[in-house]
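The structures considered in this document are given below.
Look at the two complexes coming up: chain A is in both, with chain B in one and chain C in the other.
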Partner chain A sequence: MELLLDSIFNGIAIGSVLLVAALGLAIVFGLMGVINLAHGELMMLGAYTTYVTQLIFKLPILKPFYNWYVIISIFLAFIVSGVVGIILEKTIIRKLYGSPLETLLATWGVSLILQQFVRSVPLSYGSGLIISLLIGMVLPLFFPTKIKESIKFKYYKLASWSFATLIGILSAELISSLISKLGRASSRNVDVTAPAWMRGQIEILGNTFPKTRLMIIIITLISVIAIICFLNQSAWGIRIRAVTQNRQMCDCLGISTEKVDVITFGIGSGLAGVAGVAVSLLGSVGPNVGGNYIVGCFMVVVLGGVGNLLGTIFASFGIGIMTDLIGAGRLLNIWPNMPLSLSNTINFFATTSMARVMIFALIVIFLQFKPSGLFPQKGRMVES
Partner chain B sequence: MNTKNIKINGRLKFIFWVLLIAFVVAAPSLLPVFRLNLLGRYLSLAIVALGVDLIWGFTGLLSLGQGIFFTLGGYCVAMYLQLNSSSEFPNNIPEFFALYGVKDLPFFWAPFKSLFFTLFAAWLIPALVAAILGFLVFRNRIKGVYFSILTQASLLVFFNFFNGQQKLINGTNGLKTDVTQLFGQMVGSELIQRYFFWITVFLVITAWFFSKWLIKGRFGNILIGIRDDEPRVRFTGYNPVLFKTIIFSIAGALAGISGALYTVQSGIVSPQFMTVPFSIEMVIWVAVGGRGTLLGAILGAVFINYAKSLVSEALPASWMFIQGGLFILVVTTLPQGILGWLYSESPRNLLQRFGFIRKIKTYPSLEINKNGES
Partner chain C sequence: MSKLIEIKSLNIFYGESHILRDIDLSVKAGEMVCVIGRNGVGKTTLLKSLIGLLKTKSGEINFLGENINRQMPHQRARKGIAYVPQGREIIPYLTVEENLMLGMESLPGGLSKNKKIDDFIYELFPILKEFLSRKGGDLSGGQQQQLSIARALLGEPKLLLLDEPTEGIQPNIILDIESAVTKIILEKGIGVLLVEQHLHFVRQADRYYAMQRGGIVASGDSSELSKEVISKFLSV
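Let's turn to the complex of A and B:
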């Protein structure tokens, strides 16, 4: 019994990383039908945001608040990945709705560019670029209605964009002069160190638990609750769900589907950024960090059934628990005197990579019986 | 098309073939050894691109797991070469087995001592694996994006498996072939490599004609039908599962041949061939060259890889930018690829816009919707 509890704890720890990573994907893929292979790279941006925030909070002015930089970096990562995601939607993905395979290929191209961008552009200039994009996009929203409707609005927009560019360049120069580490481009992995209160172990029900894992579980929990509340309670959330169900009808009823698309994609990407913060707490951060998670995330979404968050939650914890059961060879402990051939098989799969093999194989087998996941969408379409 | 055009076309084709054959025969003496080897490798990649074009361009199945079959073919050939040049090692088995304390050859490697068996296994095994995988997936009507994701997941399964099995296949180090012997010659030697180049060219052309033959007849029509409207094909009384499985396993076989040729020319096969980016790159070649055009797949594979090696030599960091940009550009603006664009009306329109060709006063033909609907 205790062993089972052990497994469940570890499984939840593994599954919560998967869940927070797959949550954004579930929204983008499930609600919009867009395959975003750049999701992993958006996670990477979130992880790098944590790193940059950490270095900024080491500056003498902000030193007193250093303990709380992780909390702030969650919001920053959401904004950074969200901004990049919105730009992605507005420039590329918008042209490709209805052709998911093309989207898949285009977003793969984006992911290559983002990876190389992180390698060959100094992080300070990257953050400057993000800052200017953010200001340039947000500033026009705050203009008074009179200006917005005037014929000269585009000149005002131009002015605000040039202002944003200026701010971006200045902040990039400021950051690289203050923190020389960020002023150089490097393809080496960087490390995020958790503040003192997050290091060490904690004891729950007789199990020792790293505090960072607990932090990740909390981050996951908050994101899940926030996203469920958003989708179910807020006006935009309800619009998003409505567009998912019937796009044409929403268009007819005066819901701006374009805006809904942008918001959905922005939120999905922002959640990828939050996942990036979680990932950065687990290991070192590099340009390829997202690639390790992306396929796992897709498996979670496919296993859970497209278009509902409940399935995503069940699937990620299920995969997490199974990974722990197989990868640590726990079945042997539960049933010590099993036949030799069976125990040999279990030992064969009791490594991290072989557990992955087993999990994917199990998922493929599972999909033989339930092709559209744990919680399929009900419908009578031929295509469904 | 009138008779005059056909005559000119025939003559052009004849000249094209003469030039091609002349180049292929002369290439080993014209090009430096290094470049020749690269060309041979890229030509062998053209075969896998043909397979991708068959399943994606004609049947509409975007597989991101062709690397599995590619690598399987590579391992078959590499193991044959290793087994046949390991007589001086203890137990007559390849050297790496001793490193992990393996005394006997694993049973499934035993048949690979024969050349005859290997030549068949290199494409039959990938084809079988593809058929099984494809059947399991298609039977449940998993298609579109889900198919892509599942193939990618299977790719990772195979990658992790091959990466972790030191005792069976030397794990992450892979199998080397360039220091092995074939007919008493080093495989890495210039002479053998030249023969491999010619074999590759021959097989590329054969595969091209085979694919052409395949899509020309009724079989090809059904494939295109599946791509454009699968339920309708089903309702007409055909079983799409069968056709999809067949074409997927043919693509797997082509990938196996391609992997075998690539392995002997690059000197090593390793699980690195099964990484996710490499399999997606295969799709890129077809997308850029022109999907649905077989020639486009071949040209795309060769030219993009050549461009890759040239750019990477000059500016190592910029290739990823160029590749990503090319990808986005092709998908958003040239969905039919470069060759597909050339075949369409667009180049004519472009020339007309700049005044190189006189505009036709009336419409050339009525807009008949070829698909018959919407």
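Let's turn to the complex of A and C:
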């Protein structure tokens, strides 16, 4: 019984990561029909952001705030992955609208590039690059309208990009000189250590659970609530939902659908970054860490249904728990004297990758019986 | 009165097929102009090209004296053109209230700055007030039509493009829609370009253009619409 509880708790933690990442994937897919194969790498960037933030908070001036670096890194990861996502949308995906296969291939290419990037470029330079991209994109937004509308706006933009590049290079050098670990490129995995208050166990109803996993669940809860509020309450949320359902009409109503695409892609990617923070708390961080989750994310989206929050939540927790039950071979511990043939089968699937195969097969079978996923949409709109 | 919109020898193609041929047309402020013609002559195509959903092959679309040929639909909407399409195009999973709010996106500041729905809309279409929190897609056809017009009006347009607003709608609601449109023209002085098959509504217009095979073949004051012209151009 205790083992089963353990498994459920672990499964929910893994499922939380899947949930946040899959939400990002589904929002983007719902709006633009784009399947972003680089989503896992955006998670990886989020995980590396946590690592970099941790090292920066070990510097003497920031040391007093070290305990809070995880919280800060959630915001930073959102921004880092969001910025990379926006660049990806503006440079590649926008050009490939209406050709899903090309988009698939292109985003796959991007995922390989990002993996190689973190291997061969020192993290300090990566951070510098992100800083300059962020400044370069955001600074022109704050120019007064008079400048924005003048023909010289190009030059102002050029100037702000030059400024951004300068700041980027300076901060890269600064980080390299202060933290030597970040100044060298390395393809080895790195480890994020949780601050003291997040380490150890917590006791709930007589059972002990690792605090980091509880933290992951809390991060998920907050991000899911935040994203729901954003989509339901804010003006951009209304625009995003409207464009998802009827792009042409929204254009006719005065919505700049291009802007909606950029913002949505940014948010979807940012969510991948937040999921990445959770990933870094679950295990070590390496260039391939995103690949471990991306298949799960896709399965969640397929099983839960796009734009179906309840379905997504159940699907991610379900898949998370199954992964833990099957992959860690816990079924054998929970039920020790099962028949030999069955236990052999379970042993066979008791590795992470075989568990994935098993879950994949189970989902395919499930979809045979319920093709529209866990919770099909109902109502007048669906029938027509 | 000055011309709101003026179209000069407009040509539109769908791929290879030539749909609109050398259309000349204009609408003034405070005027209701009706386009009539049988199914498939290109009335919807005309309105779509005015809002910017279709690319102009040749010709000019001038709005308030400015050539808007190359502008995107959302830019035209912000300039003051509102479009009520043939299929109504309500956003189905958004509530009626949210659908109405979308109409205000074309106001300065967009829907971030304009959240309060003006009460005049509920005076025109009282039914909408009852259903504010219902999903747009769950409304009946007639209610959706009213919502679609209300949404367009909330953007305070200078020119309203209406594509067969009475199609498939029961007679008493047709009258509601008709009186709402004529009232708004009087009160706000906007121009209306109406595509319509319903004779009673056509008669409310100031002027008409009759289309045949993608071109305009007759035009004049609606009061001059004779029985022959009507039977020739209206599929009634």
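One rule holds for everything that comes next: the second predicted complex is superposed on the first by the 329 of 384 C-alpha atoms of A that agree within 3 Å, B and C clash if a C-alpha of one lies under 4 Å from a C-alpha of the other, contacts with A are read in each partner's own complex, and residues count from 1 in each chain.
Just so we're on the same page, a contact is a pair of C-beta atoms (placed from the backbone, for glycine too) under 8 Å apart; a residue touches a chain by one contact, two chains touch by 3 or more.
Everything quoted here is computed from the prediction, not taken from an experiment.
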Message: According to the stated criteria, A:228 is in contact with first (chain B), second (chain C), both, or neither; which is it?
response: neither
Task: State whether A:368 touches chain B only (first), chain C only (second), both chains, or neither.
output: first
- request: Classify the contacts of A:115 with the two partner chains as first (chain B alone), second (chain C alone), both, or neither.
  value: first
Query: Once the shared chain is lined up, is A:255 touching chain B (first), chain C (second), both, or neither of them?
result: second
Query: Does chain C touch more residues of chain A than chain B does, or is it the other way round?
result: B
Query: Given the touch rule stated above, what does A:238 touch, chain B (first), chain C (second), both, or neither?
result: second
Message: Quick check on the superposed pair: does A:87 touch chain B, chain C, both, or neither? Answer first, second, both or neither.
response: neither
Task: Check the residue A:35 against both partner chains and state whether it touches chain B (first), chain C (second), both, or neither.
output: first
Message: With touch defined as at the start, can you tell me which chain A residues reach chain B in the complex?
response: 33, 35, 92, 95-96, 100-102, 104-106, 108-113, 115-117, 119-120, 291, 295, 298-299, 302, 351, 353-354, 356-357, 360-361, 363-364, 367-368, 371, 382-383
- prompt: Okay, in this complex, where on chain B does chain A touch?
  reply: 62, 136, 139-142, 144-146, 148-150, 152-154, 156-157, 160-161, 163-164, 231, 276, 280, 283-284, 287, 317, 320-321, 323-328, 331-332, 335
Statement: Touching chain C in the complex, chain A uses residues 235-236, 238-239, 241-242, 245-246, 248-257, 379-381, 384
- prompt: Contact residues on chain C for chain A in the complex?
  reply: 51-53, 72-74, 77-78, 83, 85, 89, 91-94, 98, 101-103, 105-106, 110-112, 135, 137-138, 151, 155
